[in-house]
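Once you scroll down, you'll see the structures, which are given as structure tokens.
There are two complexes below, and they share subunit A, which is joined by subunit B in the first and by subunit C in the second.
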Partner chain A sequence: MSVAAVPGVAVGELLRSMADDEFVIGFSDSEWTGIAPQLEEDVAISSLAQDEIGHAAALYALLGELTGEDPDAIAYDREPVAYRHCRLLDHRRGDWAMTIARRFIYDTADGVRLEALAGGSWAPLADLVGKLVREERYHRMHASVWLDRLACGGDEARSRLLAALTTLGPDAATVFSPLPDEAALIEAGILASPMPELETRWRTAIGPTFATLDLPMPPPARDLAHGRLDHGEAFAWLWHEFNTVRASEPGVTW
Partner chain B sequence: MSEAAIHRAVAIVRPPAGSVVAVLDAATVRAALGDVPDPEIPVVSIVDLGMVEDIEVSSSRIRVELLPTFIGCPALDAIRAGVEARLEAFGRAVDVQFDYRVPWTSDRITPDGRDRLRASGFAPPAQLQPDQPVLVQLATPVACPNCGSRRTVLENAFGPTQCRSIYHCTDCRQPFEAFKAI
Partner chain C sequence: MTSPRLEPWEVFRQEKDGAPMQHGGSVMAPDRELATHYARELFGRRQESVRLWVVKRADIVDLADQDLLQPPLDRSFKKPGGYVMRDKLAAARVVSGQSKPKARSK
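On to the complex of A and B.
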């Protein structure tokens, strides 16, 4: 496909949403490093977080090639209002059940999104997605094992998981918030299906797991049109956290 | 050709630790890259790992296309520096490029690389069968690199680096690491 045929603005919005998702969940999960409930989990969640930050860096690099911006500047130097991650990630880390519930929702939804981007017509993204898909399998495996363990692990584990699903449920489907100019992405063969169709596919995919574990399926998103906008207080806090070093000395590497 | 020019011509095709070759070709460069260790598992080279996808040699430059094993691998800068340092003696500009044109998979690790991993206590990754469910295969026990037993338990799919998992052998009762199948 020639460069002229790539809908640059729409691709930029897609990359920004995916990169911000990976960056925010990666940074949130890295907060468990040193304090996860078990030593094995400390290693696992830290490694997962490192994967996600790496994915974000690769996506920001692609976005930077498109816009001419420095990838680090995109990642760090925007005001909170300019981030385009989904509202599912706008919750405080909470307890381990919150992290696992959110990871399960995100990893399964991200898997459906990646499937819809695999083999797309814009090679730089399609190539990266081919690699992302392989790494994300391990994340889904991790989330599935833990969801099962919490759902069947006794009263306290189960009640904490149910509370997490109640809190996160109305924001679960915001991974599939409509993208600006999504039609152009589909027209260009970059995204295989519109977001509502992907949400349906995701619900079909997770349905059997939720039914087996007798967990309530996430309701429809409460405000899908703004599902990647208007980040609240939890993100404002996280934004300060991940900007602390950079803000202390602009241009510093660490 | 002046004597000085002949000396220069010989110098640029002389690999630092090898014999003089008539023409610098991709095979010579690939052989040299066999000396560049993986920074996180130094018993294997980037060639053993199957990271070297393409080499182009022209009269003025050498271009090396490498496939990252993991997207967020923090060793990529060290690998780039290792490649540049090893190829410097060929006297041409070295252009190291990382991309995902072909996804790196653990099936690209060479038989030599698998042997070297095993000899140093790392279980080589399971080879993924395309007609089998992936998640089942990722959770299948690997052989213990110490005693060869298959009675091993996956303790943690995630390990000290992105490419490693942690196992325990129920026969020799040793913990060990495996290269992740991916």
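On to the complex of A and C.
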């Protein structure tokens, strides 16, 4: 399919939502650099965070090709209100259990989303997704290993994990918030299934893990229509953090 | 429940297919699974390895007994310095009618 036949606006919204998800979770997790529970884990979570920023960079580059914008400008120069990451990522870093719970929810959901984009009709995205899928596999392994350990690691670890799931649960499914003009993406063969179907698939995928570990499944998301809007105070803080350096000398080449 | 005890795991890495496994260093981890993750992050995240071996240090046989490895008496008679193998091999090849083997491929 030629680029001209691609529903540009709809693809742009899709790319923006995915890129912002990766960008925001990457920056959130990079908050652990230097203070992770253990030296080796510090390297691991920092490396994972870098991976996500790398994925965001690739997605912003693709978006830039589509819109003619500079990828860095898309990443950094928007006001907080213009970001389209899901509300699951609008929580402060919190403790290690919070980070692991969020990573597990996000990585498993992202995996389902990527599956629905692999083999899509727009080659630039399908190619990139093929690479992302291979990298995200490791991220899911990391999140699963830690979810097991927190769920079965004694009273304190488990109660912290349950608290994190209580906080994040109502926002978990916002990864599958409906996209503007989602029908056009499906029509064009870029996205295999609508978001509600992907959410069902995700619930089926994580169900056995939650059952085995005796953890409460995330409830249906509240206000799914606004799942990628209204980011609130925690993101305003993070936005300021990740913009500090760039904003200190606008336009300079680093 | 006390937190699981960290213990050292030794990591060996292979830089490319066919290269020898070489000791890279060690990681501290509570179990095999996390040891594998940390080995991957510390010795593979920059695509510098194609294979890792991760071994609990406690499972390695550590032989450093100098009576066994550096015995005190003269051992020069166990070294092959007195033989010129090249000529002997060439003569044996003539006898057996075999040609010189090619360099071993990977």
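Everything that follows uses one rule, which is that the second predicted complex is superposed on the first by the 251 of 254 C-alpha atoms of A that agree within 3 Å, B and C clash if a C-alpha of one lies under 4 Å from a C-alpha of the other, contacts with A are read in each partner's own complex, and residues count from 1 in each chain.
Assume a residue touches a chain if its C-beta (ideal position, glycine included) is under 8 Å from a C-beta of that chain, and two chains touch if they have at least 3 such contacts.
These numbers were taken from a predicted model, which means no experiment stands behind them.
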item: Fit or clash - subunit C, subunit B, common subunit A; value: clash
item: Touched partner set for A:F210, first subunit B, second subunit C, both or neither; value: neither
item: Which of subunit B and subunit C A:R134 touches, first, second, both or neither; value: first
item: Partner chain(s) touched by A:G153 [first = subunit B, second = subunit C, both, neither]; value: second
item: Touching partner for A:H142 - first (subunit B), second (subunit C), both, neither; value: both
item: Which of subunit B and subunit C A:G54 touches, first, second, both or neither; value: first
item: Touched subunit A residues, subunit B compared with subunit C; value: B
item: Which superposed partner A:A44 touches (first subunit B, second subunit C, both, neither); value: both
item: On subunit A, positions contacted by subunit B and by subunit C; value: 40, 43-44, 47, 138, 141-142
item: Touching residues (chain side subunit A, partner subunit C) in the complex; value: 38-41, 43-44, 47, 138, 141-142, 145, 153-155
item: Contacting residues of subunit A [partner subunit B, same complex]; value: 40, 43-44, 46-48, 50-55, 57-58, 123, 127-128, 130-132, 134-135, 137-138, 140-142
item: Residues of subunit C that touch subunit A when the two form their complex; value: 1, 3-4, 6, 27-29, 33-34, 37-38, 40-42, 45
item: Subunit A partner contacts - residues on subunit B that touch it in the complex; value: 68, 70-74, 99-101, 103-105, 134-135, 138-139, 155-162, 166, 180, 182
